[in-house]
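In what follows, chain A forms one complex with chain B and a second complex with chain C.
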Partner chain A sequence: MKIGIPKALYYYYFFDKWRYFFEELNIELISTNTDKKILEFGNKYANSEMCLSLKIFLGHIAYLKDKCDYILIPKIDNFGLNEQMCSNFSSLYDLVNNLFDVKILTYEINHQKKKNEKKGLFSIGLQLGFTKKQLKKAYQIACLKYHKQLKRDMMINFNKLESTKKKILIVAHSYNIHDDYIGKTIIKNLEKYNFEIIYSDLFNAKNLSHYLSLNLYWKYCKESLGAIVLCKEKVDGIIFITTFPCGLDSLVNELVMRKIQLPYLNLIIDDLDALAGIETRIESFADIIEQN
Partner chain B sequence: MANYYIPANYLIKNICDVEIIEAPFITTQTIELGNKYSPEFVCTPFKYTLGTMIECLDKGANMLLQFGGGCRYGYYSELQEQILKDLGYKFELVNLITAGKINIKKIYKIIKKIDKNFKVSKGLYYLYITVNMIKYMDKIDDYIRQNIGFEVEKNSFNNLLKEMLEKFKTVNNPIQLYILYKIYFKKFKKIKINKPKNCLKVGIIGELYTLMEPFSNYFLEKELASFNIEIKRFTNVNYLLFDNKKIVNKALKKSKKYMKYKMCADSSTNVYWAKYLGINKYDGIIHIKSSFCTPEIGVMPILDKIANDYNIPIIYFSFDANTSEVGIKTRLEAFYDMLEMRRK
Partner chain C sequence: MNCYLGVDIGSISTKGVIIDENNNIITSAYIWTEGNPVNAVKNLIEILKKDLNSKYIVKGIGTTGSARKLIGLLLNANIVKNEIMAHAVGTLALYPDVKTILEIGGQDSKIILLNNGIITDYAMNTLCAAGTGSFLSSQAKRLNINIEDFGSLALKSTNPVKIAARCTVFAESDLIHKAQVGYKKEDIVAGLCKSIVLNYLNNVGKGKKIKSPVIFQGGVSKNIGVLKYFKEILNTDVIVDPNSHLMGALGIAILAKKNKTNNIYDLNIKNIDFLTKANECKGCSNNCEILKIYKDDKLIDIWGNRCDRYIKN
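Let's look at the complex of A and B:
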């Protein structure tokens, strides 16, 4: 059996755990890197006002639809009252269900209604014909492996703060930083200069976000703001990466930019055809950092 | 928002001792002000409210109240406060709803701070009147919307509405309010209308602020009325404050084919309403929203599918601070022509 997982949006938050979980159950997972073709697919299905990340997501679905038996799309509503999600995440399932003719596996994450990931994965497992005992074992192993890996990644990221090189914090959602088409091209550009690159999504600092914004109620924005609070004395500059037109970033990043006293660069990405423009901006930003 | 400032003012004036500065009606100047200081791709209501806030502060207000919940609305106040403080204004901004939940304790504390003589019983009494007032206003609004396109004498509906709202401001108890409502409802029914039997019927759905603030949609409803179209609009304050949960549950039950989960803000109810319009053989659907409204963008493909399944035309309007009025009028006219031709 093959399950397709689009490498966009929630992929970057859940895939590692899913990989270990489905590995235990002997299910093959399929996903592909984002490239120009995927984006073209996405543009075909997407509405013109959708954000670039969502367009990429739809492109992945279009690519996966004939290549697997099921596609896994959870509906993620919130992780508690003050940890809500972007509204796109809560309409993904219905969007795909109406646009494409594919079989979808789904579960709901809504901590306010006591629906969490464990229950969701169990319901999927039962639907696919596994026993509860198998699922329990697989889930335990997946959790163990996942946390080990996460801890290691976070340690690496945290240790970068002690480096003697100039340090730059990249603030963006995971699905933008680690995307092959958006984030990685920018990071490749940055690697030309002698900088230490620190990712905002690899900290466990969401409790610190209230130093910058008291009423913030989006989970992943909280995490990146917490990272800013944690690192602001140690880094030399911040780069914000936003896909056009991201609803949350339009408000939160604006607020942060008004409050911090560090040099920052705000990259809004619509279509990477204009790569030369971004290169120049990064270059001039690098000059500023090096002169400071 | 439209005429709803009247019940809001009424409530605040009666429960605590403050001077209220009425927000001026939105004009192009307001939008320019808001647009100037707003971030680039924030949704349009942010720009409108920011513009209005600046105008109020210029008039001398030192405390601003805001109700925001759901999607992005809930986070507006914090950024707006920062922007206004950077501009050098001194004031207090209070957001009464945090993370989509009404915080009763916080509201009580704020009222106590403003007015030390505040009594809960008095507050609840006037709250009850206000709630009823909103309900009556919505009922009358519904009637007006269905008939305003066919009035014989121009502006007769609007003039009577203004008169009624003036009277509403002075009521003291629920019974008086109820009597007033009954009297005026009769008066509205007496207004001469010239309504053909099978006129065109169009439903309006979409994002709530754009729907309810007449300026932001360039008086789209009035424009429609001038084409002699009967209008059905579902969203009103009554729905937002009191019936929301009930209707969302109903929507999920009735349109299982199109959606499985509850979606953010009003998008799931919009799906249900689109389906309702399709089943009841309306002539068309108009979907309006402000630019970059994420929840609505997410459901637009679903609405497309419904329109396809029920063979009902649908048109999308997206309003921004820079949208030109003429462009909207032209599109609306073309839509109207198309509806007429379909009838024949």
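Let's look at the complex of A and C:
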């Protein structure tokens, strides 16, 4: 059996765990890197109000729809009180269900209603005919492997703060910065310069976000803010990457630029066809960092 | 004697200066790009050459502006730098204590903050070209006013109309509405100038601390109406240099001087055949647009690929 996982949005938060989980159950997962074609697919299905990241998600669904038995799309609402997700994440299932003729596996994450990932994966497993015992074992192994890997990645990221090179903190949602079409293009541009690149999504610092805002209730934005609070004394500049038109980031961006006294670059990305604008902005930002 | 050439190729206009060892401008030129940077630069060089005494030798060439990469190849420049750096360096040469540079050009606008001669922060307009020169000139056309008279007409107004400052689409519909209910032309023009300033401060300048001395440059700085509202709203003096349009070119000329080598450049580019060929790469589904630059039928550079398939050898 093959399950398709669109390499967008929630992929970057859950895929590693899913990979180990489904590996234990001998289920093959399919996904592909974002490229221009995926974005074109996405543009075909998206309406004008949707953000670039969501367009890319729809592009991946269009790519996967004939290549797998099921597509896995969780409905994610919150991870507890004041840990809300962007409303897109809870609507993905219905969106895809209405736009495409595909079989979908889904579960709900809503910690306020006591629905969590473990229960969700178990319900999917049972639906696919596995026993509780098999699922329990697979889930345990997946959690173990996943946390080990996460810890290692975070450690590497954290140690970069002590580097003697100039350091730049990249603040962005995981699904933007690690995307092959959006984020990697920007990182590649940045790698021309001799900087240490630190990622905001590889810290465990969301509790620090209240130094910048007491009221913010979006989980991933709180994590970004927390990373900024943690790093602001140690890094030489911040690059904030936003996809157009992200409602959450437009607010968080204003917050950060008013409260942080560091060289700061906000890159808003809509369609990455012309790279010249991005290159100019990164080049001049790099000049400033090197000069200071 | 040694001299250095700086060329700033913008979307609308192309600027060039030649400076001597002491950063004095020997000659300068300002012409329209007209969508053809290669031709514009060829013409520009001819104009500059006319005023250049034969005792001068060109020891360095720098290019900046949106076509800097292409023209850098054409002129064999020893430095190619972005506009932010060029503008900052150029302005610092004339005003060493400048703290804030406001720049509104044809397609983009930026703000540069400096402290003790070092850039500390900057911002450029992000997605839209709201509040830039092209918006002003299209509105001037709509109102049938010469763009050169725009500023002086605005100064006549005692009661500028209120125009939405956040987005040019709203600004334009506001503008039409005000015209249709019979406001005087000068009041509308003044309102427009004011909305440009508010738009700039809301978009590019948001969250930035604007400290004096403040220097205003770029094409729009020639508009005395806009200047008046900058002074009024920022409540501080705003300086516009007579050469404000040349700051980028001056800056890149100075940078070319700093990076000089022993090379001597000749300015005979009139007959060089310069060609860009574009084709879509079929290597993967990204279909990058590959630009191949030919100088006299010889391939000299390839741009545009996201991967490492084409590397200049």
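Everything that follows uses one rule, which is that the second predicted complex is superposed on the first by the 292 of 292 C-alpha atoms of A that agree within 3 Å, B and C clash if a C-alpha of one lies under 4 Å from a C-alpha of the other, contacts with A are read in each partner's own complex, and residues count from 1 in each chain.
Following the convention adopted for this analysis, a residue touches a chain if its C-beta (ideal position, glycine included) is under 8 Å from a C-beta of that chain, and two chains touch if they have at least 3 such contacts.
These numbers come from a predicted model, not from an experiment.
In the overlay built on the shared chain, the residue A:T185 is in contact with chain C alone; chain B does not reach it.
Within the superposed three-chain model, A:R281 lies in touch with chain C and out of touch with chain B [touch as defined at top].
Once chain A of one complex is fitted onto chain A of the other, the partner contacts of A:R258 extend to both chain B and chain C.
In the superposed model, A:N292 makes contact with chain C only, not with chain B. When the shared chain is aligned, chain B comes close enough to touch A:G247, but chain C does not.
Of the two partner chains placed by the overlay, only chain C lies in contact with A:K36; chain B stays clear of it. In the superposition on chain A, A:D270 makes contact with chain C only, not with chain B.
Between chain B and chain C, the partner in contact with more residues of chain A is B. Comparing the two complexes, residues 244, 254, 258, 268 of chain A contact chain B in one case and chain C in the other. By the touch criterion stated above, chain A contacts chain B in their complex at residues 45, 47, 49-51, 54, 75, 77, 81-82, 84, 86-88, 90-91, 93-95, 97-99, 106, 108, 213-218, 244-245, 247-248, 250-252, 254-255, 258-259, 268.
Residues 66, 81-85, 118-124, 126-127, 206-207, 284-287, 289, 304, 306 of chain C touch chain A in their complex.
Listed in rising order, the residues of chain B touching chain A in the complex are 39-43, 46, 71-72, 74-79, 82-83, 86, 95, 98-101, 258-265, 267, 291-292, 294-295, 297-302, 305, 318. The residues of chain A lying in touch with chain C in their complex are 35-38, 181, 185, 188, 244, 254, 257-258, 263-264, 266, 268, 270, 273, 275-276, 280-281, 283-285, 287-288, 291-292.
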